[in-house]
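The next part holds the structures, each set out as structure tokens.
Shared chain: chain A. Partners: chain B in the first complex, chain C in the second.
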Partner chain A sequence: MSAILIVEQVLNGLQFGVMLFLMAAGLTLIFGVMGLINLAHGSLYMVGAFVAATVAAATGSFLLALVAAMGAAAMAGALIEMTVIRRLYHTDHLDQVLATFALILVFSEGTRWIFGSFPLYLARPEALAGSLTLPFGIEYPRYRLALIGAGLAVALGLWLLIAKTRIGIRIRAGENDREMIAALGVDIRTLYTFVFALGAALAGLAGALVGAIQSVQVGMGEPVLILAFVVIVIGGIGSIKGAFVGALVVGLTDTLGGIFLPELFKLFMEPASATQVGASLASMAIYLLMAAVLIWRPTGLYGARA
Partner chain B sequence: MSREGYVNAALIAGLIGVPLWAHVAGEPFTITLATRAVIFALAAVGLNLALGLGGLVSLGHAVFFGIGGYAMGILAFHAQTYTPMFPDWLNIEGTKSMPVIWLVAVVSSALAALVIGLLSLRTSGVYFIMITLAFGQMFYYFAISWRAYGGEDGMSIYLRNSFPGLNTLDPIQFYGLCFVLLCAALWLTARIARAPFGLLLNAARQVPHRVETVGLDGQRAKLVAFVISGAITGLAGALFADLNRFVSPTMFSWHMSGEIMIFVILGGVARLFGPVAGAVLFVAMEHVLGDLWDHWHILLGLLLLGVVLFARGGVIGLLAGKARTHD
Partner chain C sequence: MTLKGILLSASLIALAGAAAAETRIGMITTLSGGGASLGIDVRDGFLLALEQSGRDDIEVIIADDEQAPDVAVQLADRMIQSDDVDIMTGIIWSNLAMAVVPSVTAQGLFYLSPNAGPSQLAGRGCHPNYFNVAWQNDNLHEAAGAYANSAGYTNSFILAPNYPAGQDALAGYKRFYEGGLAGEIYTQLGQTDYAAEIAQIRASGADSVFFFLPGGMGISFLRQYADSGLDIPVIGPAFSFDQNILQAVGAAALGVVNTSQWSPDLDNEANTAFVAAFREAYGRIPSLYASQGFDTANLILSALAVAHPSEDPDAFRAALQAADFASTRGDFAFGPNHHPIQDIYVREVVQEGDIFTNRVIGVALEDRGDAYAAECSM
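Let's turn to the complex of A and B:
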């Protein structure tokens, strides 16, 4: 196995990780501020991808498609927050799970109704076509590098928003003591809608960005949603920093596990069964990692101590 | 008899009467639908034990459903191909006998529930939901990557497994078997709810601190409930595989977990017959609405939203009024 392959796989893992972060950040923010578990987050990812594919096909502009995807996901988010989610803040987790599962059914089937069952195609932008030669002669697709850059930029932007701005102060205050900030005259309902729409926009952005390297189809958000849950469990619920670290760990483990575990088993097994066992174990690697973190720290790496 | 008692009796009467009528009228498809409803109800009775009594919101019960299915699939596959299982170290033969398959399904799903329960019960609330969901996904991907047993395509079993003294190929006889198992599971649940163990579980859900203060181990009760719950759902999985004569990774998918939960909720959480009412309603809707409109899941979603937001007690709650509470 060459060093080039390893670097490529690490980059793939990073790319996967930052996209997971976009999903996980929204989920953890929504849980941290409103105490809500939102299964429909994957549907907002899907909405982003479908809107991006439609707009890109109509206008030919990828940038416009991204903006439209974020806008549409944010609007869909705000809409469901005001009609359904708002009624769930004071109910137990079971109701939240069921209501958001119901939203998934409506979103998935509704999308299938409108767009049909065939996957849509979202072209990568011209400017980011082809690959770039990195030091040591490593060829890597420009678009995937751009994804890593975009993910890191959003992470930085989110950190600045929450740490440095007035709205960030309100969000953090909302996490700590919602009665108090409501008493201080902050319109908590609008704040909640804003946070939900922000999370939705991030999910929509992730869907649009990933839509250009995978096919855009109904149900595409659900595997990502569950991985984002694993990320949050590992990082600790409510912690953006935890989501970032967890996302990179999960992205790298999943990508590298798929490559290295079969190789590892080839050292002491015959190749055919080594590939089989390795592939099976690789598909379970992140969940085993999650189990290990749970045994070691039940509230995640950066979670509040119970 | 209370109003809930009448509703329950009507349900049981329907589950006996409708398939018998279909048998006499020569409509095997209706019996198959009823079998599907009864098996789903059994799976949901399993979940209701953890969810209703123990307050454990498990979004991973498809794991046990799938393990039950694969227990049947693997045993029957080796029996129909005359190949031994695990030739290197165990070298045992497959089987087509239902009682053996059920035993294997129940034991293996109970073991899985023990391991998942031990890990997941270290946490609670929203963590518990996410972790059970994640473990479900782990089994799903594992089943997909396990090519020896069909991988993503699943595997077909050509002939339904046998039960001593019965002809399981006759729809009404197979239905009878499933119905008896459902009744047994309902009896067990009712028995548990009244037993000291059930009271402890109830208390551990409502006021965990008090349970701890009087020196009882609520966490252990929850774990035991989770294991029994998984075992019942596993049995349902084995029956479901036998009904379709087919197993595939979709039995492990998280949509399955969601659907099992929907059965419980549509019917009414923590009601003895809630899962039965929910499963019957679901299968009826699937059949009637599914025929009318391909996208009937939209209606299912809206109905579920309606139940969660406005009709908390589900079908049984609507028909029988509020549940008795022990405050």
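Let's turn to the complex of A and C:
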């Protein structure tokens, strides 16, 4: 196992982590501010990817595709917030889970109805094709480097929005005491719609960015959604900082675990069975991590103390 | 015409339809969810063959199994008990086939598989009424192993998802491949990011990569592999290079070698006519799944010309076994366990205009049966 391989895997873990962050940020905001479990967040990711693939195919511009993906996901988010989600704030979590699960089915079959059952092609920009040679002879795909950069930029922007702007103050206030800020004259309904659309736009952006190196197909959002839930539980529900740290930890654990656990087992097992045991354990690694974090800190790394 | 009159004539038409349909075929296949494109192609190929036959005494009852074994079992029960079908077909996935096929054949019905070919049904679990018209699951992987030998590869890196068909795939490759292994990894089923695996391939010093990653997994892998700067040749079974997947992979698949029992450019009369008719009817190039559906229907038609499956099952079975139909694959025969004996080809991905498709470049295995026929006694 060479140092180059390790560095490359750390970069892979980082890239996976920042993309998870885009998903988890919206999920944690929505959960934190409105107390809502939104299973349909993965569908908004899918909407972003499909819209990006369509716009990119029609115009040939990847940048335009990204903007369209964010816009479409935000609009879809605002629409379901106003028609469905709004009725669920005062119900318990079981109703929310059922209703948003129904939304997954509606989005999936609706997407199949519009786009068909065959996977779509989303081209990444030609300028980011191929790979770049980094110092020490590490070869790494340009597009993945760009993903890391884009993810970090969004994280910074989101932090500035939440920490430095008036709307950020309202969001944080809404998290702490929604009756109080309603009493202070803030239009809480509009605030909720805005937060939901913001979360949806981030999911749509993630879907479009990742869609360019994966397959754009119906049901692509659900596996990511599960990981995003793990991220917000580890990071602490409602905390953007927690989502960021949690996403990086999950991304790195998942990537590095998949490489090093089989190698570790090869030290004292046959290679064939070590590969199988290592692979099985690696797929459990993030859940073991989650369990460990919850034992150590029941509210997550940056969660509000209960 | 009064409302009563309309209803009366409608029910008469329905009765007439029921009376004319002397053979009922139940098709359970995947028409929704991530695996829908396979089921849709099998269905479309199957219906095209029936339409070309011009027979109006065959009724096909089609249902969507949602890629869920429990749904498939319920549908099979309903089709057998209330729809009174004579023949069943259509299942794409091996785990669904294992849930449905044994009970269908145990009840005396015929089952013809247009896709799934699990080893259990080819070996000890074989049945006189079960025919596989596609391949045994290991076949295309075995052919990839044989091709690797002829291409002079001696250090392959192999990977597949960690589930039964994935383990069969790597076992099938190793059955024929004679070189050493630079690495062997099982990935997660449904995994979409292969950066970690690609880094391992880079570090392994392999001279070739064999992968079995069906559906969206293969699209992701190929696109990421093309961007990684690696130029180690890749081999895979046709499942990651079918007509529908190739368009989503794009230029990243160009030149990749894959193994298949069928290809759109296979030069025989039945295939040329099939590809032209399919394109005309559905506006797209058929995939191997469509060819399998088409062959399955034509096999059924050839046997129906001899006998009816419920009235004279023995004659119908013998007619199926004879495989007296014009297969899109050229030569086609059944082995003793009712699985195909056929050539498996090596194909290369090429671009024709805007469309990515496959072209045959050689034969990997000639008249290949399967590894389990000896275990079958019937």
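Keep in mind that, in the parts below, the second predicted complex is superposed on the first by the 306 of 306 C-alpha atoms of A that agree within 3 Å, B and C clash if a C-alpha of one lies under 4 Å from a C-alpha of the other, contacts with A are read in each partner's own complex, and residues count from 1 in each chain.
Rule of thumb we're sticking to: a residue touches a chain if its C-beta (ideal position, glycine included) is under 8 Å from a C-beta of that chain, and two chains touch if they have at least 3 such contacts.
Predicted, not measured: the structure shown is a model, and the values here were computed from it.
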item: Three-chain arrangement built on chain A, chain B and chain C clash or fit; value: clash
item: Touching partner for A:I104 - first (chain B), second (chain C), both, neither; value: first
item: Partner chain(s) touched by A:I226 [first = chain B, second = chain C, both, neither]; value: first
item: Which superposed partner A:L94 touches (first chain B, second chain C, both, neither); value: first
item: Partner chain in contact with A:A279 - chain B first, chain C second, else both or neither; value: both
item: Which of chain B and chain C A:L5 touches, first, second, both or neither; value: second
item: Which superposed partner A:E139 touches (first chain B, second chain C, both, neither); value: second
item: Partner chain in contact with A:R112 - chain B first, chain C second, else both or neither; value: both
item: Which of chain B and chain C A:R86 touches, first, second, both or neither; value: neither
item: Overlapping segment of chain B (options 42-50, 150-158, 204-212 or 312-320) - the one that collides with chain C in the superposed model; value: 150-158
item: Interface residues of chain A shared between complexes with chain B and chain C; value: 109, 112, 223, 276, 279-280, 283
item: Chain C-touching residues of chain A, taken from the complex the two chains share; value: 1-2, 4-5, 8-9, 12, 15-16, 109, 112, 117-121, 123-124, 129-131, 139, 141-144, 210, 213-220, 223, 255, 258-259, 262, 271-272, 275-276, 279-280, 283
item: Chain A-touching residues of chain B, taken from the complex the two chains share; value: 51, 57, 59, 119-120, 122-123, 125-127, 129-131, 133-135, 137-138, 141-142, 144-148, 254, 258, 261-262, 265, 269, 295-298, 300-302, 304-305, 307-309
item: In the complex with chain B, residue positions of chain A that touch it; value: 31, 37, 84, 87, 93-95, 97-99, 101-106, 108-110, 112-113, 222-223, 226, 229-230, 232-233, 237, 276, 279-280, 283-284, 287-288, 290-291, 294-295, 298-299
item: Residues of chain C defined as touching chain A within the complex; value: 31-34, 36-37, 40, 162, 184-188, 190, 192-193, 195-197, 199-200, 202-203, 215-217, 219-220, 223-224, 227-229, 244-245, 247-250
